[in-house]
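These are the structures in question, set out in turn.
What follows is a pair of complexes built around chain A, which joins chain B in one and chain C in the other.
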Partner chain A sequence: MANAAGAAPGGHRNGFWGALSLPGVAWLLALFVVPFYAIAAVAFGQVDPILRTAAPVWGPWSWNFSAMSKVISRVFGGDLAGVVVRTLSYVGVSLALCCLIGYPVAYYVARHASRWRGVLLAALVLPFWISYLMRMLAWVNLLQVDGYFNRLLGWLHVGGSRNWLDGNWPTVVIGLVYGYIPFFILPLYAALERLDKRLIEAGRDLGASPRRVFQRVTLPLSVPGLMSASVITVLPMFGDYYTNTFLSSGSPKTEMMGNQIERYLRGTSQPQTGASLVLILSAMLLVLMTYYLVVTVRAQRAVAT
Partner chain B sequence: MDTRFTRRQVFGGSARLGLALACGVPLLQACGSSGSSSKKQTVSIKDGVKPEAGPLRILNYDSYVGPDIISAFEAKYGIKVEITTFTTDDEAITKLASGAVDVDLHHSAGTSTLYKLIDAGLIQPLNKSYLTNIGNVSSSLRDPYYDKGAVYTVPYTVFGTGIGFRADKVDPKSVSWETLWNPTYKGVTSILDDVREGLAMAMMRKGLTDVNTTHPAVIKQAGADLGQLTNLMNIKVEIEGYHTIPEGATTVAHTWSGDMLTAVGYLPEGTGDEVLGYWQPDPAVINNDVMCVLTKAKNPVLAHLYVNFLLDKTNAQTNFKYVGYQPAIEGLGAQELIAAGLVPAHLSSCVMSNDQIAKGYRYLQLTPDVDALWNDAWSKFRAGG
Partner chain C sequence: MRRNRPGRHPFGLATITWLYILWSLVPVLVAMRISFNSGKSRSAFQSLSWRWYFTDPAKSVLHDDTLVQPLKNSLKLAALSMLITTPIGVTMAIGLQRWRGRLSKASNALMLFPLVTPEIVMGVALFLVFTQVYTGVPRGFTTQLLGHITFSISYVVIIVRGRLAAIGPQYEEAARDLGANRLQAMRLVLLPLLGPAIFASVMVVFAGSIDDFVISSFLSTGASSETVPMKIYAGGRATATPALNALATIMLVFTLVAVGLAALVMRRMRARQGGGEDAQLGSLAAVG
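== the complex of A and B ==
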């Protein structure tokens, strides 16, 4: 009886707090699970015999895996392997640059900006006020043959006639870094700002130099934040297609997976191929996400002990 | 806090997801279908029906009709016109088929994919009693191959595919498909971002004229030939020639004839139109866009009247000033347009004659398997492979 009486309020509390997650669960179902299932239904579905548009097959028992099988053979060792390697390389280099540029910025704002913190945070959020499209178009103006960048190079007598928009990988990487670095800095800032200052002070009190404290205390403790920032940045980069579209004039030299997906889904009568590419890309990202979860769990357990 | 997932949590989550999917599948089953392969019949509107109150809703490419024409039509019938835009022919078909857009008139349907709109019952036969200007249509397009008897469509614009170039940088007499493979123009050359146009151009360069080939080896070779352009020419793949050529960013561009007429309006101040040149083979690939009324149109009479309005020779000429693409109207050929000061004499090759239209190569419907061969060859080229 006592147990039952005691369980009621607890159960009520659990139900109440559990109910708070309902909007999130509904959101996830409506905007992630269902669309993702729809992509699978297209990838393993049919094509309308007249319109040649996607005819999704919703029942898994009727799925056809031939398109996926063909795409897998093209992606792993076939004619699309180069695009996959290129995409991985671009995203890898972009992420490295985000770390090199973003970590010091996030660290400074979180630890040393003091009264300027609000202003700097506002400055970090500022790019979000301008559409991504407009920011990329601004780069087009800067980097075109008679643009300001070439004029600057000409003024410095170090060139100035190069076309940066005809399929240069550094241009695409710069575009990716520029477009996504705010997504990297903000979560990293939040993680660094939450670091327990007492641990840093303890390191200093024990005689460690500032550099040593950073290496042995700050950096390891910021790994979860670094991982979060990397995941948030990398996920959209992998599917990005418009940065390359704008900054390389459609050159085959800089084609990314997102461009192939967009072409197959929007411009051909083979939507299954495009949807299969989406699923393969998702599977690759799942590997990264799993690694992120493992690292995060390990870090939390390390802190707990 | 230990955030590891227990086996029970994983199984529980999976079970819940499975349940959700099991419940959801029948619901989703209602959305979309594999369709039927039989042609759907539609009927035209009756004679003598009064125009609706509008607004007339049009689906069109961006900037592909003159604002003056829209204003004049609105003023004449006292209604409003609303334009929804699309970027590719396939996108337009997908939007119409899914019901994502609800319009009265498809302003610029492609001819090679028109059969989809007809067979799916998305467009209705035209009632010619409303089209009093139908006699103005170019004689070469009055009974077109894509719509025998012109039952469903009226041609809007007509254009060829060739090479636009800077006449101040390239000898006009030397221009041919081979120019696109000439390293002299490395970095300043582009080809059209279109699977059919791109591969067909590579085939025509080799002297092949079957632009609807079903031969896998020919399609594959065309893709491989395009692949040479990636490093040899640092090729750009885009449909921006109409402004990149006059602006000087591109010297040689695989482009449509209409783009070179449009290009005149993009020349920088102080630059004469003599810097623009256009070449196309004879015969060339000829395309035309068509206007058609949707089966579900809420304003079908207005849509007919709009089509008729654009078939008026004066209106077509006014529209040409803005669009730059040649109207498919009899009596608006190169001579007339040059005489009206609308086309520079040295760009007369951008205006297709009835003879060129009649004997031009046309993109026809491909079977799904052949279509996949074309798309995969193009995809391989675009992937840099």
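== the complex of A and C ==
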């Protein structure tokens, strides 16, 4: 067994360390694994014919896949297809904007901001400590019909009486970017900060222009950081339902998958449909989740050895 | 040093960065200012007043029970989450860092999963488990607390593990060589060394709990278990008064004061100990 720097002092009493992790492991089994299984038990279970409540079936041998197959056919080509496509495009556009805004910011703070670095870093971290919904509330205030944004437009003579909050997709996308971009910038900053500066200097010394060094050295080297930053931003966006409800007064024009899930589970009592949608969403995101997990475990191992 | 090469400062990049920072913070400052509005409007500012904090006899945060209750709920949830999550997470971090074998790998993967699970999936899962399986648990505050702890444990583990890897085993080995038993070495040597990391994780749990909307909302049973983010969500769309902004501002001030104090304490601790400078930021990035 490769006992590296992080390994147990004094060796073989492996059981002791196992026992230390036990409370946490037990907690996550009871309140993470079992609940997740409950989603499947509801999705593949029965519905009480009178009360219309879920009657979960716990044994996979008697699961009933009819509700799921109905939802799947609605997602692919049925009435839910529009919502899925909309979710994918909102997340796609938001991610593109995160890259466009976030990369220059992370790059500048990591590599060029010498004197102001402390201030800039604090400013990048600050949104983490401001409640997400307060940040959205701020936009709701600004985007009122008589709000500051319209007044600014009026002052610039480019409109100024529009209602931005009635199911307007750019509002929702900008809201998503505003909400999640701190999660994008910080990991990317950490990755750019760690880049080996000698490689960049070597590129310059060998005669490449700064732009070429960026294209041929910095950018390729930052791809892993860019990937994890994207994954960590996109995962919560896919499950988001409150940003668009909040910024579009609950208009169905900007609904995402999360809204459907929430409605089926809590509004109308169709728990099977809701649970099936959650499973479909999780399946869609599984690749991204696995990618992040693998990268994290590798990083842990790199630290430990 | 590449960074100090004379001549070219990338002014374009600097402009983008500063514009981004303005964009990210100014709306919040405007929302805070609106909380001091003397009038009812949440979009146009009239004049400065404490009306929505104390002086309005019915609708200020101080006098409106539907605003005080969420504030109490949020703070109670955050405080209890901190108290319960931290010991579970710290022991789990120490255990996972040293435990070897297949079960340990599985436990590690299990610990990482909540970090990548979208909140809505976890919210639905907890909602269903408390309505279908653990039906004996009183719904509302208790289930919300259990939910908050569940998504917080992994943050603590990640942050503390980062620090553990940086410390290495040698201090504890020295203590053991000098005659301390395993528990003494942990209590007298390891835990003090972990101090800043534990502190940082406590703050992250606090902020995560205060900020949470989805889990709280899925596990709520109505007004008695409403939290501040839920209140903002419910009131922000309807015709609310600037008292809502005042509530959000109070929450923000609570968080920033707590974080500021924590940063001060951590600086003290680190000055005494030395080392681990960037660990906190790194861990925050890992969590983010």
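Here is the rule we use: the second predicted complex is superposed on the first by the 244 of 305 C-alpha atoms of A that agree within 3 Å, B and C clash if a C-alpha of one lies under 4 Å from a C-alpha of the other, contacts with A are read in each partner's own complex, and residues count from 1 in each chain.
The definition used in the following text is that contacts are C-beta pairs under 8 Å (C-beta built on N, C-alpha and C of every residue); 3 or more make two chains touch, one makes a residue touch a chain.
Predicted model, so just to flag it, every value in this text is computed and none were measured.
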Which superposed partner A:Ser21 touches (first chain B, second chain C, both, neither): second
Partner touching more residues of chain A, whether chain B or chain C: C
Partner chain(s) touched by A:Gly250 [first = chain B, second = chain C, both, neither]: both
Touching partner for A:Asp48 - first (chain B), second (chain C), both, neither: first
Touching partner for A:Gln300 - first (chain B), second (chain C), both, neither: both
Touching partner for A:Pro170 - first (chain B), second (chain C), both, neither: neither
First (chain B), second (chain C), both or neither touched by A:Leu29: both
Touched partner set for A:Gln144, first chain B, second chain C, both or neither: both
Which of chain B and chain C A:Gly118 touches, first, second, both or neither: neither
Partner chain(s) touched by A:Pro56 [first = chain B, second = chain C, both, neither]: both
Set intersection of chain A contacts, chain C complex versus chain B complex: 29, 33-34, 38, 41, 54, 56, 144-145, 249-250, 266, 296-297, 300, 304
Residues of chain A that touch chain C when the two form their complex: 1, 3, 5-10, 13-14, 16-25, 27-29, 31-36, 38-39, 41-42, 54, 56, 101, 104-105, 107-109, 111-114, 120-121, 123-142, 144-148, 178, 181-183, 186-187, 189-190, 197, 200-201, 204, 210, 231-232, 235-236, 238-242, 245-246, 249-250, 258, 261-262, 265-266, 271, 274-275, 278, 281-282, 285, 288-289, 292-293, 296-297, 300, 303-304
Residue numbers on chain C that touch chain A, as the complex places them: 1-5, 8-10, 12-14, 16-17, 20-21, 23-25, 27-28, 30-31, 34, 41-44, 88-89, 91-92, 94-101, 103-104, 107-122, 124-129, 131-133, 146-147, 149-150, 153, 157, 161-162, 164-165, 168-169, 172-173, 176, 182, 185, 207, 210-211, 213-214, 218, 228-229, 232-233, 236-237, 244-245, 248, 251-252, 255-256, 259, 281-282, 284-286, 288
In the complex, chain A residues that touch chain B: 29, 33-34, 37-38, 41, 45-59, 79-80, 82-83, 86, 144-145, 163, 166-167, 249-253, 255, 259-260, 263-264, 266-270, 273, 296-297, 300-301, 304
In the complex, chain B residues that touch chain A: 1-4, 17, 20-21, 24-25, 28-29, 31-37, 39, 88, 90-91, 93-94, 97-98, 116, 119-120, 187-188, 190, 193, 195, 227, 230-231, 234-238, 240, 249, 368, 371-372, 375-376, 379-385
